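Heads up, the next two complexes both have chain A, just with different partners, chain B and then chain C.
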Partner chain A sequence: MPRLFPWLQAAPLALVLAVFLLVPVAMLVIVSFYDYDSFSLIPAFVLTNYREVFASFVTWQTYLKTLYFAGITWAVTLGLGFWLAYFLAFVVQNQTLRTVLFVLCTVPFWTSNLIRMIAWVPFLGRNGILNGTLLATGVIKEPLEFLLFSDFSVILAFVHLYTLFMVVPIFNTMMRIDRRLLEAARDMGAGFWQTLWCVILPLCKPGIGIGSIFVVVLVMGDFATVRLMSGGQSASVGLMIANQIGLMQYPAAAANAVVLLAMVLLMVGAMLRVIDIRKEL
Partner chain B sequence: MPGPLARLLLGGLFLLFVLFLYGPTFTITILSFQGPDGGLTFPMNGVSLHWFARLFQPQAVGDLGASMTRTLTLAAMVTASTVVISLAAGMAFRRRFRGSGVLFALTIASLIVPSILVSLGIGLMFNMMEWEPAWYSSAFGAQLTWTLPFGLLIMFAVFNRFDRSWEEAARDMGATPWQSFWHVVLPIIAPSVVGIALFGFTLSFDEFARTLLTAGSGNTLPLEILGMTTTVTTPVLYALGTVSTAVSFLVIGGAILGVRLLRKKKGF
Partner chain C sequence: MTETKTSLTRRGALALAGAAVGSGAITGFPTLWAQNIRNITLRQLGTGVSGLNPIAEQVKKDLGFTLQMTVTDTDAVAQRAATQSRSFDIADIEYFSIKKVYPTGVMQPIDTKRIRLADKIVPIFTTGRLTAESVIAQGTSPYSVGFVESKDAKGFASARTELMTLLPTIYNADTLGIRPDLVGRPITQWKDLLDPAFKGKASILNIPGIGIMDAAMVAESAGLVKYADKGNMTRAEIDKTIAFLIEAKKAGQFRAFWKTFDESVNLMASGEVVIQSMWSPAVTAVRSRGIPCVYQPLAEGYRAWGSGLGLMKHLSGLELDAAYEYLNWYLSGWVGAFLNRQGYYSAVLDTAKTFMTENEWGYWMEGKPAVSDIIAPDGKVMEKAGAKRDGGSFLERMGRVVCWNSVMSEDRYMVQKWNEFIAA
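Coming up: the complex of A and B.
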């Protein structure tokens, strides 16, 4: 009996993942080879859906754009997230204050992400607060157009939503660094930057890896942020899939889904080569 | 350690980040009290509760009461299931068992597969099987694929730091496995279990990508909001945002307060 115990305990998890993850992904692969007309799915084995993905210039552009969004968002959230985690882990010394600051950062997430995106409109718009302030202080003469419904606003929204996903894992690894190592580095004559580069950064690698996986995966699969914040000016693979779903072109959407999934898995696989998640928790 | 100037700069950065995080939340809260003639942007055109009143008129939102009830029921179902399933699986993973590597990889994969793909896949599955998708079946499963990995990862973090000698002591004193779990392990890990519940609730309450194709005919609140973002151009949208924020404050704040009271009573 005790030998069966772990299996019984893990069975519900395995069941849920089998029914709601494995089978659906298999469905995506199967349907991506189906044919379709404007009314229905036609079970078949055709490559037209994939041909459309790879032969279309627009699709290539969309994939590149998605990678571009993921790349920039990753760089910004990493740069920002690292220093925020550094502040929480090494500058703040009081554990209670740390907890308070953390809770302070999580409270905004209790508001719907969609609403928080929309809320940038009155801030960044042509007649928004930012343009109004800049005009009033005489910094600019014409309202800045690039602030809203542009790549800038898309990336701003991504950074706004996902930086915390970078801060938490990096902070976690930072807190586990033995403080004596830092003292040792100082005793050996290392300056601030040298300690950062040779001691702290290598020890933070797992946290950086986990944070990067979160941010990259979330951005690669996004559709709502790009739809709302680009005002229809930009596209991403997720948005393309969502639009195809809206047009009931399920096989086309499934083909894009399979390609996107392959891309994401490759990227994450590459990142997982650097770290062992299970050991780092 | 960084010098005083660097500390100041980092503190300033953190302050700016917090302002950046709160900016939109404050903006919508203020703008939801916009006067009846006010628009989606500043300036405020008077102060009123007009848009909150509008929320409860049938034409503004599909049916606010029903979608709010659905969302909260679904969130409760997801929260309870996430706690139980990931707690059980977390216990299982403390030992190596055949297939544990595969199951772990599958759990991580569940975290990595983009939400919209899960939504599409489950939608297609229900379509093929000719099942009717509904918020309590397909959407429930779709959300679990998102909350369970988080739950399990938290369990891993907990058990990696767990002192096994407590359990050994319980066993030496003659406790059955169930007794040692119920009287020893669970009370020790209780705060993390509450953490999993809050995580599950937060993720479920706000989820729209995974419910997009799986909710069937009954919309959840985030789906209503998603629909409204393209069609509604009045502050009623902000009023809805303020209401949903208030609800999650009540639930999460209530849970945290409840746990604190319970702990005081027990004298931890």
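Coming up: the complex of A and C.
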């Protein structure tokens, strides 16, 4: 009987995961082999959906574009997030001030996703605040068109949205670093950069790992930001899937989703190989 | 009431009381079951175009039962109708969607013998022609998918029968919207969208099924492609259309592609875009911000759309009776006037007219200059006295429809190619 007890304790979670995660994913995989016409799904085992995913030049282009967005966003949020966290953890000494500044980091999340993204239009637009200011100060003569509805604006929105996901876990690991280690490093004659590289960075790895997983997964699956900020001019895998769902081409969407899922899992797997995030937990 | 007519049965008295309280004098329908009907709730699924709360409130007032509206986008309506048909009772759905949805067998046809004003419906829906001389437009015209031969038929009838797939409710003619203050020249044709003068200032809508039609209007106008039927392109025609779109995109002609109503309003109002595909109420929304915007009639004509109410298969008994009552009420004038006042058109015009002022009717339907301010349904002044509707009267606008929103046989291929265009 006591042997059964741990199993029973784990059962509710296992059940929830099975019903709401495993079954849907299994359905997704099954449907991805179905055939379809404009009216209905046709249960079958065909490879057309996957063939269309892999054989189409556009799909490759779209996957590359999505990776490109993910890569750049990851690099920028990591750079920003690391230094923001560093500032909060090591430079700010007052606990109240630290809390206030930390709350400030969450400001982008105080409005809805959609409103936040639409708010960029009057700021970055042709007649927006930024172009207006630059024109008025004489820095530029023609409005900068690349500011809005471009890859630039997509990445800007991603960075704006997801930097916090990098800041929080890195800040968390930084706060756990035993301050005596830093003192020891200084005593041993290490300079600022050497301490950073040899002490802080290795100890922050779990935080960086978790932050990276958040950012990469969020960007890879995004469809709303890419559509709104690129003005529909750029594609992402998520957007491609959304289009297919919109036209009731579920099997094609499912095949794309399976490929995307596999790709993201591989990426997360690779990250977990490099960094042991369990140290964090 | 009950005291004066003592000979009435209890049931009849209740019904009378119910009718008096519930349906009001306007409808005057013989509502024998008026008491039971008050407990009925009909669930309607539709788009934001006509899924409007004032309609549900008026149903409660006039008919006594509850109409519960769920609003989502065009694609989602079709999806839910086809896959979760029991989750609602009435579909408020577009004609091009019904072409996909009806053959799946989730709906029942509407018996026109039970529709009192069936013969008053605008002939676009019953004969395919607005007037005897007009030609049937390309695409999925409501007429071509409006009727079925029998209750179990999966295909559509080629001519009018007694069974309708949808009861037409709302339709309109779409064209390009422009910013007259920023385009700097008269816009007269669809191909003006490609004018290099508007480089980086044009937009087209990114809903593949509709976007491809606007693109086709442009391509045909520019003499790039000649279509047998814009609403049902061949693979070669799709290839040519997408190729020209990609070329224009690469040349930087488009500022953005929009997918929702609000996006189109924002693009236009902010001046990011000066010429684009647009919907009539979006033009009104831009104008209500004090920004000039014109729904420009073009030489080649309009692209039209229409939607209607369909009954789901599982409806029966009292609920089905209530649904028929609702359909009849929809044509009886109040909703018609309500929709006409927003720039759409209603299926039965005579009844709607009685609910509109002479000024409103003149402005919206006859293309006459407004003699006094035109007030929006929310009470704001929409147009000042003297204003004329873009495109003119009902006959001028609907009479110049050249194609309807549609579903193509090569739908799957088209979407694939459309994705190529977006990814290019």
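Throughout what follows, the second predicted complex is superposed on the first by the 262 of 281 C-alpha atoms of A that agree within 3 Å, B and C clash if a C-alpha of one lies under 4 Å from a C-alpha of the other, contacts with A are read in each partner's own complex, and residues count from 1 in each chain.
Rule of thumb we're sticking to: a residue touches a chain if its C-beta (ideal position, glycine included) is under 8 Å from a C-beta of that chain, and two chains touch if they have at least 3 such contacts.
As the structure is a computational prediction, the values presented were derived from the model and not from experiment.
J.: Of the partners chain B and chain C, which touch A:Ile118 in the superposed model: first, second, both, neither?
T.: both
J.: Can A:Cys105 be said to touch chain B (first), chain C (second), both, or neither?
T.: The first partner, chain B, only.
J.: Once the structures are superposed on A, label A:Phe149 by its partner contacts, choosing first (chain B), second (chain C), both or neither.
T.: Second partner only, chain C.
J.: Is A:Ala255 touching anything from chain B or chain C once the two structures are fitted on A? First, second, both or neither.
T.: In the superposition, A:Ala255 touches no partner, neither chain B nor chain C.
J.: Between chain B (first) and chain C (second), which, if any, makes contact with A:Ile208: first, second, both or neither?
T.: In the superposition, A:Ile208 contacts neither chain B nor chain C.
J.: Considering only the touch criterion stated at the top, classify A:Asn127 as touching first (chain B), second (chain C), both, or neither.
T.: Touch partners of A:Asn127: chain B and chain C.
J.: Chain B or chain C: which reaches more residues on chain A?
T.: So, of the two partners, B touches more residues of chain A.
J.: In the superposed arrangement, which partner chain does A:Val76 touch: chain B (first), chain C (second), both, or neither?
T.: neither
J.: Between chain B (first) and chain C (second), which, if any, makes contact with A:Phe223: first, second, both or neither?
T.: In the superposition, A:Phe223 contacts chain B only.
J.: Which parts of chain A are touched by chain B and by chain C alike?
T.: In the superposed arrangement, which is not itself an observed complex, chain A uses residues 118, 121-122, 125, 127-128, 228, 245 for both chain B and chain C.
J.: Name, in rising order, each residue of chain A that touches chain B in their complex.
T.: Residues 2, 5-10, 12-14, 16-17, 19-25, 27-28, 31, 41, 80, 83-84, 86-88, 90-91, 101, 104-105, 108-123, 125, 127-129, 132, 160, 163, 182, 186, 192, 213, 217, 220-224, 228, 238, 241-242, 245, 250, 253-254, 257, 260-261, 264-265, 268, 277-278, 281.
J.: Once bound in the complex, which stretches of chain B touch chain A?
T.: Contact set of chain B toward chain A: 1-3, 6-7, 10-11, 13-14, 17-18, 20-25, 27-28, 31, 40-42, 84-86, 88-89, 91-93, 95, 97, 99-100, 103-104, 106-118, 120-125, 127-128, 141-142, 144-145, 148, 152-153, 156-157, 160, 177, 202, 206, 208-209, 212-213, 221-222, 225-226, 229, 237-238, 240-241, 244-245, 248-249, 252.
J.: Please give the residue numbers of chain A that touch chain C in the complex, ascending.
T.: Residues in contact with chain C: 38-40, 52, 56, 58, 61-62, 65, 118, 121-122, 125-128, 145, 148-149, 227-228, 230-235, 239-240, 243-249.
J.: Name, in rising order, each residue of chain C that touches chain A in their complex.
T.: Against chain A, the touching part of chain C is residues 75-76, 78-79, 82, 100, 103-104, 200, 203, 206-209, 249, 254-259, 262-263, 266-267, 270-272, 407, 411-412, 415-416, 418-420, 422-424.
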